[in-house]
């Protein structure tokens, strides 16, 4: 099949970007969306043009590196599917496809469709962990974890950090990402000691990064390639409230130790 | 070059304990005076960086991905082995050690493997404490499954995303240290050279993949955890960005490369659909528990699978290996698939596929039961192929999945370059000629959490390491060399894309150095690869410039290194005149087509020393001795 | 993009009090929005129920008004609470909206929504309409400033007379539609914001929001419609009062 692509091109973070139209010829329905872009890029290189930069790595839907807005939908039209797992059989001959980078000021464009998602790393650094020095752990079975809690924690932990939730949110909010980590760790007995400092630290960092706020559109859940539930956002809100009420004035930064 | 394994004396179960006592310690107050450069942020790299920083060292960590959370460890599905014996089914550290040595077809170092088995127990504890959501029993205790044909249930798992969860645990520990300022993280940075001063590894040169800036970083020790080199085959289950550049640069600076020909092929991947294919996707090995593998008896049978009657089907694994049937080890299953495909009996477009049929299992257990067990895998298969495995048999074919070879390291995981440590898949140490399922995650974390913190300290404490800044001439030279190479790549000025070279290299490697190898083929490859390399440096087209995010340039640098490494792999495969594990030489097989080891002549590690541009590398040998697990022939009949 | 500079507050500032850090946080402001919304929502329901007494005739409704005025502490307490809630609600809305607008400087050329609703996407517009409406409503029926024939104390007359005026009922209907959208999203959304969520009962949140919204909107809409259809008529007493004023 033959397609027409309208792709956002932007040389670097400082440059002004614009849409450029490219033909994608002889696209096989078995190709993944990224393989289709590979083919377009091969043609661009052959024609002496700069290929379209896009982030990708594992190409099996787990690393969270790829991500682009395809016809106004994060990762394209298929639910629970990353761009690398979206196949061209979804499209028909003659289709026009608009491809844009994730749009959020907290995710500045690096080049073309590549954005900088290091804000997510900083949110994790602000509390998205359980402090457990290597070597200090008790036996794995010392603390039983109810199966239901472990399963729900796993649902939250399935997040791949791709940023589709932010991209799809009308407010560019990172609540689903943050809530998934807060919930994953907060559901486990091992995560209890830092539960309050964690949620307050992560939310403070999330806000400081310049993400928008949640107005419960739930576009994030619909866009999430791992179908992470917005219930985790409610859970985080609850945790945050409790953490604030439980704050007795100790420094919230008391976690850590000597490092 | 001398290969001293430095395995401590004494009974095997006491070696690590004894060694831990004998190793020198760095005074706590002095730790913060040392800087350690950690290249790679996968399971091994992230866990090592976090653990070293916890001890007080200053750590700089580098990864080519945009975040350390994306390293390809994340894609491991099955699980992680540990000799916990929670199932009361007879497991023990010794049994895990025994299974691993045997599974590796007696080409690994006993001392290292024993330590790995010992540490496996602590890994699980550590990961649980970090909040890894392992599968649980109803009573809240950890669940296990049996994996990869093991006779005990020792595999811990988190749904089909064990690698992801373990990596996120290590990543979170790493991010904590980043937040505390103990680790400085350099994402989107690629290591392009190793810097030696007075024969010791003292730094690296990186390229900032966003700005193109070429930067030097000095440290007191360098650790590489940069993964395997399977992408030399182009089509593999690896991440697209996975590359051998770091270890190849280290090799060219004097680190020996051990057993490069030991590559692992996984039998259950989704077959190639066409020229555009950029990577292969693995389907969990567990599918073989219920699926039956077959091909038509007749070559090039045009009928769709459902119209081929029972008598025209060849369930070749069940026929050839009646006792193990469809559950034979990875290497055996892979070679059998290749044989039938070579006979023209392969299925699907291009004929590179075999059926994995669930019809009988569905008839026996019902679609519901099969759905419960494999539903998510079936869904993934359908997403990729648009075929419904409940109705038509899956098509699978082997693909490159792991490399057991890597930089040679001693018991301390230090390479032949003092101060250069290598961990995880990047080293060669623990899996011999074949890796067992659920062992890669174990090794990565054992190296990172529990070996590096001790042995790096020992290295720093037992050597006088001068202060050093990046204005040292060694850095200037390395930077100049890197800049030079970047310029030459951009200046090739040919017409052919880098990807097309990579694809062609992959075809050569798969054809001549893939599942089955022989002298003639390897010799052919050894002619074709240098020719392709020359052509690359003449005709490749690398658009753009250095001072920008330039993915073509990144690719070009990696492919240029693969074009050199490929030759070493073939050379090693040629010289190892025996079959063992994943290395199958057609000349060396038993009458019924099984791998025939030659313990008399090849019970050793082959470690290659770089001898200079255009020179044949020098093959060194580290003899292996087996005091605890006595070599025997594997049989799955 | 060399080393990850961490410019932003990685850790909460030790000196920040919990109230100020709570109010500075996005979730804190959301909770303020939710709780004040709850107050306003509660008022709207009571207001509508109280006004239903119009169908009992002028005496009943006017007596109800007298009863309310007889309890100035309660009346003013409620008024202060409502005013404070409205101010905080608007403050939260404005500050969150500004953050949301700022969070995406460059928008998408193309955008397809999957899960959001018309109500959720138009909260800020329905909110603005409601704010304008409240001002108008106070001037119209509480203060009588923009009322053609306002009689202090004669609530029944004021309502009926007020809705006979050309544009007023139209504006009321429009405002009630905005209220419906705003309330539907607001009611279930505030439960999500304060963390009231449970897999088994989440669907009830929507049902509850839809039910209560329909109740309020239909109840409120009934007043102008009843006047326009002639179901509610201005009585002679009122006319007399009007005459007396002339």
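Going in written order, the chains are labelled A, B and C, and every chain counts its residues from 1.
Just so it is clear, a residue touches a chain if its C-beta (ideal position, glycine included) is under 8 Å from a C-beta of that chain, and two chains touch if they have at least 3 such contacts.
Everything numeric in this text was worked out from a predicted model, so none of it was measured.
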**Request:** Sort the other chains by how far their Cα centres are from that of chain C and give me the top one.
**Result:** B
**Prompt:** If you tally the C-beta contacts for A-C and for A-B, which one comes out higher?
**Reply:** A-B
**Item:** Closest chain to global C-alpha mean, per-chain Cα centroids
**Value:** A
**Fill in**
Expressed in whole Å, how far the mean CA point of chain B lies from that of chain C is 61
**Message:** Report the inter-centroid distance (CA atoms only) between chain A and chain C in whole Å.
**Reply:** 35
**Request:** Express in whole angstrom the distance between the two chain centres, defined as the mean CA positions of chain A and chain B.
**Result:** 27
**Fill in**
Note: chain A residues in touch with at least two other chains are 110, 116, 118, 121-122, 125-126
**Prompt:** Counting only residues that touch at least 2 other chains, which ones in chain C make the list?
**Reply:** 1, 4, 6, 10-11
**Prompt:** Which residues does chain B have that touch at least 2 chains other than itself?
**Reply:** 178-179, 185, 187, 210
**Message:** If we count contacts the way the header does, which residues on chain A are in touch with chain B in the complex?
**Reply:** 11-12, 28-32, 34-36, 38-39, 42, 45-46, 48-51, 53, 55-65, 78, 81, 85, 87, 89, 110-111, 114, 116-118, 120-122, 124-126, 128-141, 143-147, 150-151, 153-154, 157-158, 160-161, 184-185, 188, 190-191, 256, 258-259
**Request:** Mind listing the chain A positions that touch chain C in their complex?
**Result:** 6, 19, 69, 71-73, 98, 100, 103-106, 110, 116, 118, 121-122, 125-126, 168, 170-173, 200-201, 203-219, 221-223, 230-231, 233-241, 244, 247, 249, 251-253
**Contacting residues of chain B [partner chain A, same complex]** = 47, 50-51, 53-54, 56, 65-70, 72, 74-75, 84, 86, 122, 124-131, 133-142, 158-159, 161, 164-165, 168, 171-173, 175-182, 185, 187, 210, 237, 239-241, 273-274, 276-279, 281-282, 380, 383-386, 449-450, 453, 495, 497, 499-500, 541, 543-544, 548-549, 551-552
**Complete:** Seen from chain C, its contact residues with chain A in the complex are 1, 4, 6, 8-12, 14, 18, 21-22, 24-31, 96, 99-100, 102-117, 120-121, 123, 185, 188-189, 191-197, 199, 202
